[in-house]
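Here's the structure we're looking at; comments come further down.
Chain IDs A, B, C, D, E, F, G, H, I and J follow the sequence of writing; residue 1 opens each chain.
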Amino acid sequence: MSARSDLTDRVLAAKRRLNLKWTTIAAALGSSSPIVYTAALLGQFPLNAEEAAKAVTLLELEPGDAALLMEPPMRGEGIPMPPTDPLIYRFYELVMNFGPTWKQLIAEEFGDGIMSAIDFNMSIEREPDPKGDRVKILMSGKFLPFKRY
Amino acid sequence: MSARSDLTDRVLAAKRRLNLKWTTIAAALGSSSPIVYTAALLGQFPLNAEEAAKAVTLLELEPGDAALLMEPPMRGEGIPMPPTDPLIYRFYELVMNFGPTWKQLIAEEFGDGIMSAIDFNMSIEREPDPKGDRVKILMSGKFLPFKRY
Amino acid sequence: MSARSDLTDRVLAAKRRLNLKWTTIAAALGSSSPIVYTAALLGQFPLNAEEAAKAVTLLELEPGDAALLMEPPMRGEGIPMPPTDPLIYRFYELVMNFGPTWKQLIAEEFGDGIMSAIDFNMSIEREPDPKGDRVKILMSGKFLPFKRY
Amino acid sequence: MSARSDLTDRVLAAKRRLNLKWTTIAAALGSSSPIVYTAALLGQFPLNAEEAAKAVTLLELEPGDAALLMEPPMRGEGIPMPPTDPLIYRFYELVMNFGPTWKQLIAEEFGDGIMSAIDFNMSIEREPDPKGDRVKILMSGKFLPFKRY
Amino acid sequence: MSARSDLTDRVLAAKRRLNLKWTTIAAALGSSSPIVYTAALLGQFPLNAEEAAKAVTLLELEPGDAALLMEPPMRGEGIPMPPTDPLIYRFYELVMNFGPTWKQLIAEEFGDGIMSAIDFNMSIEREPDPKGDRVKILMSGKFLPFKRY
Amino acid sequence: MSARSDLTDRVLAAKRRLNLKWTTIAAALGSSSPIVYTAALLGQFPLNAEEAAKAVTLLELEPGDAALLMEPPMRGEGIPMPPTDPLIYRFYELVMNFGPTWKQLIAEEFGDGIMSAIDFNMSIEREPDPKGDRVKILMSGKFLPFKRY
Amino acid sequence: MSARSDLTDRVLAAKRRLNLKWTTIAAALGSSSPIVYTAALLGQFPLNAEEAAKAVTLLELEPGDAALLMEPPMRGEGIPMPPTDPLIYRFYELVMNFGPTWKQLIAEEFGDGIMSAIDFNMSIEREPDPKGDRVKILMSGKFLPFKRY
Amino acid sequence: MSARSDLTDRVLAAKRRLNLKWTTIAAALGSSSPIVYTAALLGQFPLNAEEAAKAVTLLELEPGDAALLMEPPMRGEGIPMPPTDPLIYRFYELVMNFGPTWKQLIAEEFGDGIMSAIDFNMSIEREPDPKGDRVKILMSGKFLPFKRY
Amino acid sequence: MSARSDLTDRVLAAKRRLNLKWTTIAAALGSSSPIVYTAALLGQFPLNAEEAAKAVTLLELEPGDAALLMEPPMRGEGIPMPPTDPLIYRFYELVMNFGPTWKQLIAEEFGDGIMSAIDFNMSIEREPDPKGDRVKILMSGKFLPFKRY
Amino acid sequence: MSARSDLTDRVLAAKRRLNLKWTTIAAALGSSSPIVYTAALLGQFPLNAEEAAKAVTLLELEPGDAALLMEPPMRGEGIPMPPTDPLIYRFYELVMNFGPTWKQLIAEEFGDGIMSAIDFNMSIEREPDPKGDRVKILMSGKFLPFKRY
């Protein structure tokens, strides 16, 4: 187990022990979205020094953990693909079933390129609906055209 | 090659030969979104009888193709995973890097369940941005709580 | 090993040490089916607070385990696919050999959609038979039609 | 493409061309369940001579196809695993998420053994439900205890 | 590492430390074949209560291990496939090279069905041969015809 | 499709068309076992010149096919592993579940080495049994000790 | 085989038949680098209308091929990974052996982000060296910092 | 976890604890490039005795670690492929999308052979650019022609 | 099927039809070893112009095939790994079982580096032995030390 | 980690701590080749009692380790395939690129059979060469003809 995975486990244990919510933690850390802060504490984003210090305090981590929280992490470490969890798998299924459609429509609108997964933001919201509330996800990524030199 | 894959190839050849756009095709077929119609013609959705007849005419397909276009298709047939195309891969990467985050936040907001990939809709739009236009994706799926009996 | 896997191991050790049966445990926990409670203790369902408290007491777990038992779990964690155990493999084989048949017949009866694995229940019973008792499994999942928008 | 896969494709093309339903085909072939006959025509069961002759006539196949329809087939040929189609995948997911639970409960009730996938039958029915009709699946397989010699 | 794998490791360490042979161990445990008892101690069969008690004594295990030895095990746990060990790989190779032949000949003799791997027994013997002794394996499994309902 | 796979397909088509049994074919070709001749015609063994000539005549193949039947074949070509067919899978399961047991017992009896899959013979017979006939398989392979130089 | 793969095969056959070099072809097509034009003709980049017309003429393709050459292609189609060819494999090996090093050094110099593979250019040159000429590769990709919102 | 992986983890922990940069560490160790020294400390190159001694001192490792730092390492140990981290994946994508192009162009310029990954050097630099700084990578590997004997 | 695979198939068909041996073919083509010429005709080495012309004549290929025989081929195309054929698998097994040993001993004798698979030659001979003739393989590859810059 | 992997790690640690060479260790153990003794200590061959005792003394292992060193090991345990280390990978590449050639030439010289990997010996030597010393590998394996019964 990498040092980062071990830290993630301790973060999750602390959240459980202290009975914290992700939105509470995110609000305590700073101004980025709960997605960014949750991802960061799960090992997918670095925190800045101030955020890391707050996280160490809030989650009662060890002082040395701040440096690790600030490092650009090895993203995707230890996540099974295809996903075994139904919630995560449904997104994988969307990629598998709709991927070529997205390719066609983005190419038609923007030309040859991609939606950046780096200059990217997203939000998740509850969309009330009388037939059953919906998960509303908004993604926005910069279009990056393939450059030719 | 399955009969459906062969049909998809003929659809793409016709679109190229007739110099059609997906949005044009979608507008000609009916009232669903371009994503639905593009996906349908790529073998990921069935068309209804009226839509299928229009598609056969518009794309100069064979009359017998209408029945195949109306069948619930074997979704995901022949699509490589992990995706080899950069545009599609970026979505796969989002699932791999953000999947556990989505799991945590949806569970926190909605409880134990999933976002449906079946009662699901989405749109893709161009979001103008002075720093470079963005691909804006809106997804909305019904929250389905795990039922216990 | 994740905290949840470790808890599952401790649950199994306790069940062995205390010589408990799953049906006994299930009866002690509440009103859901033994399948739900067994799955929950194997890390595939969350328990509610009352059930978790009972499980901690019955299985002599640590007080902090209750919070983990109440979390929506990462389902499918650490289960080998294809299954290596013959009992589980036979179900996998049924999916591989009958899957396209189920697809055809469900589509013929219900149209384009799926049987939900989320709004789903099942039971397992002994079916006495002079030629050898049978395992009788009843599954019932809500039909979810693919929605088009 | 194997001779059997080619035959399956021709069966599906004939069913589409002749606008037949699986239940109609099954009723015409004999007394087994629609699941058995659909599976047989999809290459997962042999037909007997009488059934094969009827199938050749009904589906306007070539006379030589009867012999192939009567051979014990290589089951599972060309079916992707994990399944890419959502309807079939949900069953795969049930195996992955519930497999260890089934193992525990069948072992508790019956002892060390398996549910046979060979001496096995099943049915699929529509279960009316005001909250949305359900797919009701009944499986019954002979319990086979591991023998020790 | 699962509790069962850990127990297997302790069994092997005890066998080594006590300088026991599998045939000696099997003779001490009861009346099944050495294959069954060896497989059981390697985690592929449960022992009954009497056998488990003898095993704990003979192999100087911990008293609590008896319950684990009596549980129907998760078979095939942690065994690499394809096998990396040449002795085991040769059997895998036989399946890969002769499998379709066995399919054809068993189907010709018995019809559509399988040789049970559950109601199954086997023996391994030394077959003296002037050109080099041979490993003689006798397998016998109940023929199970595919049932149609 | 390789030339050999194509030939195998034509062999199977001829067998079906001419309504021949493997045992009939084997008896017509020479003195080896039906397993050897069936395997040879499925592309897993070469025939000698006389046998190949007989096979061409009996199965109404093309004269040029004799040379291909006489070549040492690329064994295992195009056979899916893990096997998808239940009859073949059961043997795979035996290797996965019993492999380490065979390793232990053969090593105990013979020392460090393998059972040859090259100097190997086997037979398949029907073993009458009032509780259901059994498939009886006898394998015999030369023990090959690992040599040290 | 996709329409694009078929076109690539015809491009390669034409290049061989007409005895053309990639640098000659590239010079004839326009002002991008030979890497871009070679990649484009191998199905990894679209050409613009003028380039496509020139390519059709130069390589004696069919008129309808121009439209396909102008489409944003499904990149990476049909390329085996890990690469089986030694020249290509060496690059894969560099990624496998140096990847974490690049991660560390780019993160140290630039912070959390990636080198774009989209806004990317490269050249390959011969670097004369008395000990044996060298392949000199220059890559330049825009640094894209992970954005946080 | 191998001894080498454990050492790498301790190197990373020390770097973090002592707040060192790779360029600082490289400058302290000797005259090779930061890429070589970073790779060496990540387990992809051996150090010489003098460098190893300096590394042990600088990173406050244990004296016995010097011997391990001097051993030719098992390269590529424990690095996931395809890479899960976006920075490393982009290089993998370049190989997948451009590999056949490199093959064609290197073969055209140099003939049948490879770029050595052994007699190889590279550098990474920041390339200032008003549209966004770029990662500039220079690779140089000896061309090795396939020899024929 | 690639143009090269198709050519290989036609080479093998011609060799069979003309009843040629590889050693005869090799002797007719030039002065390299039979291994080189056999590998070349199987698509793993290019021939020079003179050799290609001879091959086209000897094997009665089409004139246009000469150009393809002269191209540096995509090595390893379509060869299954792990090998399914026992003869080829045994070499794979040697790599899997002895690889770390070779690593240790070559590193001890030569230092950090590899045996080149590019500047490499080998021969295969019959080694008469009263206990059974042996396959004697001599490999010789230039040692390439990892360079540090 | 298996007991044998743990022992291998302790062997390697002892070799490092005691600053021993494999050739020194081999000379101390007995009369087999360094390849055999190195492989044995890496877990790929058993030692005899005398050799095991010497190994325990020389490498300062624990007395109980002798029994483990004498057991026929599970070969190939924990070795990644495809190999990630360049030195080992080159051998894998030779199998992938030359395998079919070896098949053809051995079959032509010896008939249908294999080179034994069990009755097998090899040596590795330095072959001085003014253009760069070479790794010379001599392999010799008994030819085993496929037997037909």
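Quick notes on this structure:
Throughout what follows, a residue touches a chain if its C-beta (ideal position, glycine included) is under 8 Å from a C-beta of that chain, and two chains touch if they have at least 3 such contacts.
The structure displayed is predicted, hence computed values, not measured ones.
Equivalent interface to H-J within the set A-H, C-D or E-F: A-H (over half of contact pairs identical by residue number). If each chain is reduced to the centroid of its CA atoms, chain H and chain I end up 31 Å from each other. Taking each chain's centre as the average of its CA atoms, chain D and chain F sit 29 Å apart. Centroid to centroid, with C-alpha atoms defining each point, chain A and chain B lie 24 Å apart. The set of chain A residues touching two or more other chains comprises 71, 74-76, 79, 82, 84-86, 93, 96-97, 100, 103, 107, 113-114, 116-120, 144. By the document's touch criterion, interfaces exist between A-B, A-C, A-D, A-G, A-H, B-C, B-D, B-G, B-H, C-D, C-E, C-F, D-E, D-F, E-F, E-I, E-J, F-I, F-J, G-H, G-I, G-J, H-I, H-J, I-J.
Against chain F, in their complex, chain J makes its touches with residues 32-33, 36, 45-46, 71-72, 74, 100, 103, 107, 111-114, 116, 118-121, 144-149. Residues of chain C touching chain E in their complex: 9, 12-13, 16-17, 19, 80, 84-86.
Across the interface of their complex, chain E is touched by residues 2-3, 64, 67-68, 71, 74-77, 79, 117-118 of chain J. Considering their complex, residues 82, 84, 86, 89, 93, 96-97 of chain B touch chain H.
On the chain H side of its complex with chain G, the touching residues are 21-23, 34-35, 38-39, 42, 44, 75-76, 79, 81-83, 85-88, 90-110, 113-117, 119-120, 122, 124, 126-127, 129, 131-144.
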